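Think of it as A, B, C and D in the order they're written, each chain with its own count starting at 1.
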Amino acid sequence: MWLVRPAQPGDLNDILDIAGGQGPRMSSTLPKKQDALSSKIDQSIRSFTGTNKPDEPKRFLFVLEDTRTGKVQGVSGIDARAGNGQPFYNYRQDALIHASHELGVSRRVEVLYPSHALTDHTLLCSFAIRSDLRGTDAFELLSRARMLFIASHRSLFTDKVVVEIQGVQTQDGEVPFWDSLGRHFFNMDFETADQYSGLLSKTFIAELMPPNPIYVTLLSQAAQDALGQPHSQTQATYELLQREGFRAGCYLDIFDAGPVLEARTDALRSVVTSHPKTLHASSTDDGETCLICGGEGGDFRSTLTPLAESLKDEVKVSPKTWEYLGLSSGDTVRVTPL
Amino acid sequence: MLVIRPLQENDLDALYAMAQGAGKGLTTLPADRALLARKIQHARETFNQRCAPEAGLYLFALEDTELKRCVGISGIQARVGLDEVFYNYRLSVTVNASRELDVHVRTPTLHLSNDMTGTTEVCSLLLSSSHRGGGTGLLLSRCRFMFLDDFRSHFSEKVFAEMRGVSDSNGQSPLWDALGSKFFDMEFSEADMLSGLGNKSFIAELMPKYPIYLPMLPDAARAVIGRVHENTEPALKMLQAEGFNFNGMVDIFDGGPAVEAFIHSIRTVREGINRHVMIRKKPLVTDVPAEQQVMISNRSFRDFRVTTIPAECIGLDTVSIPADVAEALEVESGDLVRLAPLKDTGRR
Amino acid sequence: MWLVRPAQPGDLNDILDIAGGQGPRMSSTLPKKQDALSSKIDQSIRSFTGTNKPDEPKRFLFVLEDTRTGKVQGVSGIDARAGNGQPFYNYRQDALIHASHELGVSRRVEVLYPSHALTDHTLLCSFAIRSDLRGTDAFELLSRARMLFIASHRSLFTDKVVVEIQGVQTQDGEVPFWDSLGRHFFNMDFETADQYSGLLSKTFIAELMPPNPIYVTLLSQAAQDALGQPHSQTQATYELLQREGFRAGCYLDIFDAGPVLEARTDALRSVVTSHPKTLHASSTDDGETCLICGGEGGDFRSTLTPLAESLKDEVKVSPKTWEYLGLSSGDTVRVTPL
Amino acid sequence: MLVIRPLQENDLDALYAMAQGAGKGLTTLPADRALLARKIQHARETFNQRCAPEAGLYLFALEDTELKRCVGISGIQARVGLDEVFYNYRLSVTVNASRELDVHVRTPTLHLSNDMTGTTEVCSLLLSSSHRGGGTGLLLSRCRFMFLDDFRSHFSEKVFAEMRGVSDSNGQSPLWDALGSKFFDMEFSEADMLSGLGNKSFIAELMPKYPIYLPMLPDAARAVIGRVHENTEPALKMLQAEGFNFNGMVDIFDGGPAVEAFIHSIRTVREGINRHVMIRKKPLVTDVPAEQQVMISNRSFRDFRVTTIPAECIGLDTVSIPADVAEALEVESGDLVRLAPLKDTGRR
């Protein structure tokens, strides 16, 4: 059985295992170093339990546990406020029309503007899972449990949710957008820059990023082609998020030009479909498989369950599922179809 | 005798022929009869002080008095950018540094600039191929500095010249190919011509307004920024010898450099001296090497004349010149004339 | 009875009367000079009849006729593509976060970016009406008939519709935003600039507009206060458009900083509610008053009518209304509630 | 006797006292003992050539040999902007013109610039109030140009100085109030101090990156751009007399101008001459007016010394100086020394 729950200090090694197997784009929100990851877990626990230090931003980290083995097989996160109190950097792709009436010529000139417009929106992040689970129900559970958490803790989050999708990277690790732009200014390779961007202080981006807008036409062709394109490995994630209601807007990652997806929180599929209902026992283990969650803050749990019956205000679910969720009859749960 | 004088209406044919021969390098004098006629008209009004000083366009003809024909031309525009907008790129540097990460990067950057607006430009130098060599080009170019010196109130303190940038034998400019062509739907030659015609609103409309970071351009384009076309190297050397320096401004199309100098520090100005004319009867060997010649100007605004004489004519207070030279200069005994060496003598 | 129909050459003087009584903001799309207005009407006729010259943009001009007097009492327009083949200028208001981690300070810096992003979207424009009709059903008819025209000629228009709302102007005609910004660069008063902007060539804007983004904090306080604020006189228009589904986004007028409203064409209330139906006679003149339209291209007419009965695919309307619309039984009409 | 020499560790107390007395004008030498000690240490390493030439910081002390105390200081930074990012505003012009509408508008514009990066700066001039007057300030300032001249390879071709901008008696800067304060959540004095401490990443983080159009600033702010504080006017005049000109760069906080000159064209450099030392026995009246004094340097990099002597000591090939002066300069008979007038003599 798959269970999503808040990350705990004991998950450290399992998470490090998973983080190490991920592409570099992840490292900005999921540290690969023990110290950094350990404090991230501590911060997450404080966030779940509402015991944050003064001014400490809320950052939540979830794990996907295989309950048969107790082993963690995936991790996902939410930053309540993108940027965590600092600017959240993106490029905003926009077009200017350069036209000469007299000469009768008109050209669409694409420009990348440095932007912080997504700062303070809720950010889905830190998603990593064992590659053999990609595209399975467990994968969907790990990702969407976050939406259920948002639904059941709505006041902690903003009206808009964003998520960065890894951009184009060649098989030998080259990032065309970085090579054409960022490399010249940061004077380091993509992986190094990406790791630094996981640090709390984004001062180095303010210091090193080109201060003026960038003309797309001056980028290499490979970089132009990569604008707003997701990495092929992210396809399952991308599709899942689209089904959830996320759409690519005009924002791009400053390092690899991957797309930033946006959605209105209250229009997220998981939020719309998962009204709170009272938990009751079903006499059968049959039913369509659904996502279910329950529990407040640090007690939040989410899992997959066959749904025996769903009425207006109550659901009937096998008591086996109750155990995983740590709930009992009469408790409030949220259910959403796969 | 070769004499500098203001350009006249009847020089049009000669001017047109020279403009045709010049090819695409000289954008301020395109081979367009109507336009050239207007330029001459403008110059006439300038010398006759019938136009505002800041709108002045001074065009000087080099007349071969035997051929009775204009064989060269050079010009001064009193102030650029008043009628149209004058654009350059300023070659600047953007520094990004992070002490924390021990990174320090300097990025050469082109900023679109109008900072030359209101400055005096020396421009439009053309010389018939039949008359090249022997210091004739020097006379045609440097006579302008004598004029600038004598009539400083009509000009800005600084004067500059734009030098033709690098292009290949097909007229392709590496900077244009990498930058301009991405924004202008036309060939370099067409943009250059349009710009020369003085209608620059298309630049405001089509030009990128944000700075251009040079590392984003290909090597071939970066290499030509601030460099001159090989045909222009002699002209650049001449101006450098006069005291002109690269001022960080480059042409927005081909990346050719602008060079500038304070009028008071131009060599022709610094080395200029005044003498009273004495008409000499003694015969004079005028056919001396360029190194031994000096330019002599009559210091007239309206009827400016310059020719060259041997340096030996210069005395302590006077300069003794043959009657035909005096006639060509329209001066008489006792008139004050200005003298300056024709060629770089190596003194500083 | 009020009728909205395509403008005709004979409407010239009536329209001039109305245009003259309008605030300056109108003049950019509704010329006050006879020649300019006359060619605008001609262009509109060509647009309605599909006889545009090659490359000529489609621009539609409607009039509100009082059928009792035959007199035109109002005018409204649609540009199929904002900018009409040239750039459509706006400021895009966005924020950068200037934050120093070390100093622990963070400041939201508002910036106005020159933008052409709304170029080629369908633009509602040229709205002018006798002031005593403002807020009446006739006012609503004149404005919304355009949405009905869009609904019945959907392929001529784009997926997004925008409309500029006049910005703040004091009682003595001062425009705070213009005085703080545009005046310095255009070297002319607001009214002059606004009139020039009605010319086909927007070259002068490219030539005179400040080429770089503007920091809001450097504007005068009055100009800052005016950003995105509609003129008080536009309240009825503003509310009507909001009911239609228009929302203010981040775009502002470059002259007076009035808001630019945006909507998805297919989500416009008039478009959503006005499915094509077959016209039938009703035996009564009673019924709720609705907007109705019919006719293709130059034959387009729209008016107010009591709606006797509306079924799935047909409507029953008094034959009196038929006359105004120039339609008869069996023709296709669109009906939408007030 | 007043002698210029490299600053030493034991000058710290005197330096700290002077920095305290200087108030907020001098951001490069804040009254912070630890920082001043580091600066002295840096200067020691520079004179002893134990740091890279481009990282050099040359600090000269003016010692009163009777008091045996440092009574003034002046400095040269070999290259600015290498360790941290060096910011200026470039005062530029944006021209917008429409021929069709007959509009032509020039808008003065401030562009954030790092273009001084890599350039040599003369800086950090402080003089005890007890020793002002009589040309002592000139000696303290101009001794640096003798050093620059003798060791040109350590410096850039151009050298510049930043002049303190206008602020009122409460330390309020009109430009800061209109511009900086809108972006930095702090007082002018705090920003100025932070910048002086050399940690400029807050500027990269908080500074507006896009150009500032001056018409959008209030009159009071526009009026001070490129203007110096009244207390700094004498220093500006001195530098102008040396040949320094405003280079279009102004301070990002208070709008004070930067002035610059090519080393070769600085008056002290141009008027400098070399002579061989002769120790004189003849008594010498040293107490002559500043106009009759010349600076004399020992031309030593590591133990640079300068003092003043009466101009009458200068002979055709030699300069005859008393034994105590020779001792102060650490020179012997026959050594080559450099001489330059202390005060502007009006010659050009």
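The definition used in the following text is that a contact is a pair of C-beta atoms (placed from the backbone, for glycine too) under 8 Å apart; a residue touches a chain by one contact, two chains touch by 3 or more.
Just so you know, these numbers come straight off a predicted model, no measurement behind them.
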By mean C-alpha position, what chain is farthest away from subunit B? A
Report which of A-B and B-C is connected by more C-beta pairs in contact. A-B
So how far apart, in whole Å, are subunit B and subunit D when each is placed at the average of its C-alpha atoms? 37
Return the distance between the CA-based centres of subunit A and subunit B, expressed in whole Å. 62
In whole angstrom, what separates the CA-based centres of subunit B and subunit C? 54
For subunit A and subunit C, what's the span in angstrom between their mean Cα positions? 40
For subunit B, residue numbers touching 2 or more other chains are 85, 94, 96-98, 100, 199, 201, 204-205, 210
Two or more partner chains touched - positions in subunit C: 98-102, 201, 203, 206-207, 211-212
The subunit C residues in contact with subunit D across the complex are 98-103, 105, 107, 109, 111, 180-181, 184-188, 196, 201, 203-204, 207-215, 217-219
Please give the residue numbers of subunit D that touch subunit A in the complex, ascending. 85, 112, 201, 204-205, 209-210
Which subunit A residues qualify as touching subunit C in the complex? 83, 85-88, 92, 94-102, 106, 113-117, 119, 200-203, 206
Which residues of subunit B touch subunit A once you look at their complex with the stated criterion? 94, 96-98, 100-101, 103, 105, 107, 179, 182-186, 194, 199, 201-202, 205-208, 210-213, 215-217
Would you pull the subunit C residues touching subunit B in the complex into a rising list? 203, 206-207, 211-212
